[in-house]
């Protein structure tokens, strides 16, 4: 147990990077949220209609950003060898890494998401749902993103490759979360979207590490 | 603890070509073996194959009574070319983490730091260390968490003469305690060891 | 476990088998395709959709093929990952560009069909959107293979991705249909087998079989090419080392 605790502390500290990790993700997110009105025009009515969706897509893109560092640094400097040669199953190690990624970048992004949505013109009462969706969605993004990050180990232009591999995996969570937000705004039942998002996140928290571990072993061989 | 290592007819392929085949070796407690051979002969691949990272094309690797999964999951140390240290973290953070991760604790990490003269460097970031100091920090894992089999890939290379002698004494002590060492080297090891030439 | 037939696992036997099987499948494809097209063209035009319905003779079979090829790729990935079949890896590698081609054809014909039907080249209809995402998955698979220098590692990484794709595709389909029913109004496309007049049923079936056969032929040819390429590389490596 102390071993996993130490790993979680190390991974969170590395992903946090003295505050640099979340700063880059949130900064990128703020940039996307700023570019959008500049491209679309400042009319409040038009912006308000797309606000939840735009805030949600921006979140998915910002989650992509830090993924390439998830396994690559440990792979390149040899630390992954030592992480593998341990009584802790590699699957569990991968899960802890993704969880730390979520703590260090997913949670700060979840705090930024309601602000972005409201700045774009979403009503104030949408904020709690945006936050909850971003928190659960962040978990799904971290655990599906980890698969892409592990598969592109050892590839040329790994970061870009990770994005190409991962984007199709982001489709269901983007749909479910966006659907929950749109239904809430339209006054329709919105829980089914949230439940589906939660189910997707749970499935990948369970299955994602199996694929990540297989991909890491392959990269080290 | 691992007290034996048996390689029987081991063959490894890398990138579509066969590195070596039919390699056999048997080590028991207290024995060391130096792997020699030209660059690219497969010394590193053999060490990684023993650690279970590289798949075997043929043959078997046994660890005496210890089951292979158990041996590789915490029974052996592999110290490779790369030290696996993060430049932005301090010596203490790295040493403590790797000690706990490998099965030791903070006290054993401190003891290892003492034996390798790292105490004065504990609060420095790893990026400020010299190549020799980084290597000593990497080797500190060996002492912080005792494991039976040491797989060492060019362990001496960035060390100066006096540190080579001191590390030789550490290897000697590990062997005296019933440990095993398999080391890939260019220069001879500062301890008595059998040699196995790969690709001869 | 049922042992796989030797002509699919042993490279020598496979080469002997595919030497005559590939042209045979090709010939079957031509015969079935000509028959299907002739049947389709001689059928009366649909009272609502007039001649444009004939695009569906191409569209529906390519849509079916795009998914069928992915299923082939996933099975080959599984065989290469679990049983380390060298030929299975070559098969998965050879299938990907073919599948991407069928997917692109589906998107293009869907768009051509949609222009007179909907008045726009693209509609975010559930089927077309799923197809587009399938295309992205094929692209990701090929990009992964192309960006790794170590072939053995690329093969295993690609096989893992192939399986992840097989796992995720049904979920993507479901989510896209869920999205489509959520945003009612965007959904105008109600085609597919059920909406098709019975007179068009047989031509479509014939063309589906023709495509499957053509795919079989092209697939075998591509696997043969891959086997030859690997042999040539191995020979070059041997020659380089004297």
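Brief remarks follow.
As written, the chains take the letters A, B and C, and residue 1 is the first residue of each chain.
Please note the rule applied: a contact is a pair of C-beta atoms (placed from the backbone, for glycine too) under 8 Å apart; a residue touches a chain by one contact, two chains touch by 3 or more.
For clarity, every value in this text was computed on a predicted model and none was experimentally measured.
Between A-B and B-C, more C-beta contact pairs join the chains of A-B. Closest to the middle of the protein, by Cα centroid, lies chain A. As a whole-number value, the distance joining the C-alpha centres of subunit A and subunit C reads 31 Å.
For the pair subunit A and subunit B, the distance between mean C-alpha positions equals 37 Å. Measuring from the averaged C-alpha position of subunit B to that of subunit C gives a distance of 49 Å. Multi-chain contact residues of subunit A (touching two or more other chains) are listed as 221. Across the assembly, subunit B contributes no residue that touches 2 or more other chains.
In subunit C, the residues that reach two or more other chains under the touch definition are 150, 152. Interface residues of subunit C facing subunit A in the complex, by the touch rule stated above, are 133, 136-137, 139-140, 143-144, 147-150, 152-153, 156-157, 160-161, 163-165, 167-168, 171-172, 174-176, 178-179, 182-183.
Only residues 48, 51-55, 70, 72-74, 76-78, 80-86, 88-89, 93, 96-98, 100-103, 105, 141 of subunit B touch subunit A when the two sit together in their complex. On subunit A, the positions that touch subunit B within their shared complex are 2-3, 6-7, 9-10, 13-14, 17-18, 73-74, 76-88, 217, 220-221.
The touching residues of subunit C, counted against subunit B in their complex, run 150-152, 233-234, 237, 241. The residues of subunit B lying in touch with subunit C in their complex are 15-17.
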